Amino acid sequence: MPRLPLLALAALLAVGSPASARTPSTTVILSTTTSAQDSGLLEVLVPLFERQSGYTVKTIAVGTGQALALAARGEADVTLAHAPALERKYVAEGRLRNRRLVMYNDFVVVGPADDPAGAGGERSAIAALRKIAASRSRFVSRGDRSGTHQLELALWKQAGVTPAAPWYIESGQGMGATLAIADDRRAYAITDRATLLAFAGRIRLVTMVEGDRALLNVYSVMEVDPANGPRVNAAGGKAFADFMVAPEAQAVIRTFGVEKYGRPLFVPIAGKKDEDF
Amino acid sequence: MSEAVLALRDVVVRYPRGVTVGVPALDVRARETLALIGPNGSGKSTLLRVMALLQAPGEGAVSFRGRPVTAADGLAVRRRMAVVFQQPLLADMTVEDDVALGLRFRGVGARERAARAGRWLARLGIAALAGRPARTLSGGEAQRVALARALVLEPEVLFLDEPFAALDAPTRGALVPELAAILRAEGVTTVLVTHDRGEAQALADRVGVMIAGRLLQLDETARVFGAPASEEVARFLGVETVLVGDVVEADDGVAVVGVGGRRVEIVSSARPGDRVRLGIRPEDVTLVTDAAGGHSSARNQLAGTVVGITPGSPLKVAVDCGFPLVAAVTLRSVTELGLAPGVRVTAVFTATAAHVIGTGD
Amino acid sequence: MDLLLAGVRRAVALLIAGDAEVWSILLLSLQVSGTATLLALGLGIPAGALLALARFPGRTLLVSAVNTGMGLPPVVVGLFVTLLLWRSGPLGRWEILYTPAAIVLAQAVIAAPIVTGITLAAVQNVPEAFRLQLLGVGASRLQMVWVVLREARLPMLAAVMAGFGGIISEIGASMMVGGNIKGQTRTLTTAMVLETGKGNFDVAIALSILLLALVFLVNWLLTVIQQRRRA
């Protein structure tokens, strides 16, 4: 019987060792959003970075708010998010630094083929949303305070509409699940292009509005001040951030998705500024 | 004089609710069987647990073979003794594993365990049960296993706490003489706690009477039963008639005591004028309805009236012959004699049946 | 319904194809929850036995704490363990957040009160008189506890099953302290949540079927052991 706890400890160590075999300073914690992870881009870029730099990256995909908050606390070394307003606030407050634009993808307004609200063909997303509200056509929202959700809410605000039940449905879930619900209910939704492309074969929703400036989704990388918390790997964080805006990564971003979807999911924009958009 | 294997000195055990046990001195001699008897709640089981080192007394000391037992050697000394309790609680394993438990605790090897356990299972007549799961046994069989479990350890002192109380009469009737034979043959020093006077008489060399936490008498069995030290002890030992009177005549070892206006002849060296306390066992009193009653040579033949009959085995008939007297009568005799309240009878008992109860008050 | 069937087919396909990722997820889940269960047993059994047999001031309070712990929401445990393991937390220097070790820790904390509570009840169920009888044939305190635990082995095997079943199906804490990192801390349950969120319902169902099958297998084994010992 006394052997048992020893066995357990040995097993625990065995299980724990592969990850902790890396010494702390070679581990980089990247906090990012679920949308960024779901696109699959990071599964290409991160191994590339690891091979080149020798760092091990732990990608923690959580909600936008949590991703930025973790970085601000020093619980992550670098963060990749797509909520420019919130990000600028963090930088202004000095909690995150060296914000650099990496890429953008765009959102699209989708809806049922018969288009009851007459939103199709509108150049402006805001105009389309007004029409949807006016006709009280069903609309499915993320409803989860994610970057996507915040963009959607900002659009409603600009449209001067307060969406509400019963035509406005909040799924509280990720993009894929939300799209599936919208498809099932023959409702409108706002989705990022990557998810739309991934789901193209499975749903019958069609694109209503695209290309509107307001629908651009800009991704930025930010670094963490070592003073934010103990054990911040500032060097590693910086290395990853530098990597993301370097030509090689940007090249990968430029062509990511072509093979699978026929068109790229993102547009690399390293070096540009917010004002350009 | 056999040396004391176990000795208690100034032992006190206090309970917040219930009796306080206080025993200034108690010795257990080698090879003897000592019975502790007393009514329920008298503290005899407590005393047994203290002696077996299963419970620490509030005050006082226990010595084993002359050396006081300390906390450090407590386990070692405890392992030289063994206890059997009233309820045979066996572990969930086979009978032979159960019997060998104590040997396992002491680190005895498997082969020796099997040999010793086998021997004692045979000794107690349950060799056939060796492979059975212990939980499937009857009460009597289980208690035999419990006994084997203790005896296999060849303890220097064996403690038995009411070992037969949970068994039915026939089972008890078979087991008691068997155990007596084993104890005698092995010469095991035994401390037996029981509330059954018959068991004590059958098994014990010495008897200690405990009432309300106190050891009131400790002596050879015959002397305790024959000459109780006090009325309390007498009553517990089954002496149901206790009388107080003054000696009116004394001659050549026979004294006459005046009680309730009648004369009772006793064997005693008491002198006239002495106040004595007499105890008479129901079993020593015979009732006859013959007016003459002269068949018997008994010195005491007193006329009286039946006052009441208490059921039991045997029945107890209360008679008023100037003083209350209780006689033990079989059901058959009650029927044959037509005994009932109000019937006139003669109570007959010998002078030796009425014994003087000691100086205790 | 057809989604369910699709899920079953997908599950079988993934297993047979020897899909490396699925197998590594399966293995990780088993390793992590198995280790956590062992840890919980190593802590919980002695603690339960001690609480059952010893008398000391504050014991009732401790027993209440254990009983409360049995119903503790795993997410709460996850949150507190995360706070402990954060770089800025008291155990930050262990650097085990977002590693399997952290999941093992959180799961062990979840399972330990369950094991303790069941052991406590099982040992208390063994009559006190029995313990005295063991001492009466020369058992040391430790030997007495050993025999008592052996007497209570049936309910304690139930404790193992309850503990393991509870933690291998756990999501919240595993997600929080593990981070659901592909190839490192992705377990069956966290992978399921991920796939569901992405809308890959058939994969999610496949994973859930695998999880059910795994739990059933383990419990079946333990049940065979438990029921076989009944004389």
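Think of it as A, B and C in the order they're written, each chain with its own count starting at 1.
To be clear about the criterion, contacts are C-beta pairs under 8 Å (C-beta built on N, C-alpha and C of every residue); 3 or more make two chains touch, one makes a residue touch a chain.
These figures come from a predicted structure and were not determined experimentally.
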Contact graph of the chains (line, ring, star, complete, other): line
Maximum centroid distance from chain A, chain identifier (CA atoms): B
Chain nearest the global centroid, as defined over all protein CA atoms shown: C
Averaged-CA centre spacing for the pair chain B and chain A, given as whole angstrom: 89
For chain B paired with chain C, centre-to-centre distance based on mean C-alpha positions, whole Å: 56
Interchain centroid distance [CA atoms averaged], chain A/chain C, Å: 34
Sequence positions of chain B contacting 2 or more other chains: none
Of all residues in chain C, those that touch chain A in their complex: 31-32, 34-35, 38-39, 41-43, 86-88, 92-93, 95-101, 104, 146, 179-182, 184-185, 196-201
Residues on chain C engaged by chain B in the complex (per definition of touch): 127, 129-130, 132-140, 143, 147, 150-151, 231
Residue numbers on chain A that touch chain C, as the complex places them: 1, 4-5, 7-9, 11-12, 15-16, 18-20, 24, 27, 29, 34, 38, 43, 58-61, 73-75, 173-177, 179-180, 199, 229-232
Sites on chain B touched by chain C in the complex: 49, 52, 54, 75, 78-79, 82-85, 87, 89, 91-92, 101-102, 105-106, 133, 135-136, 146, 149-150, 153, 159
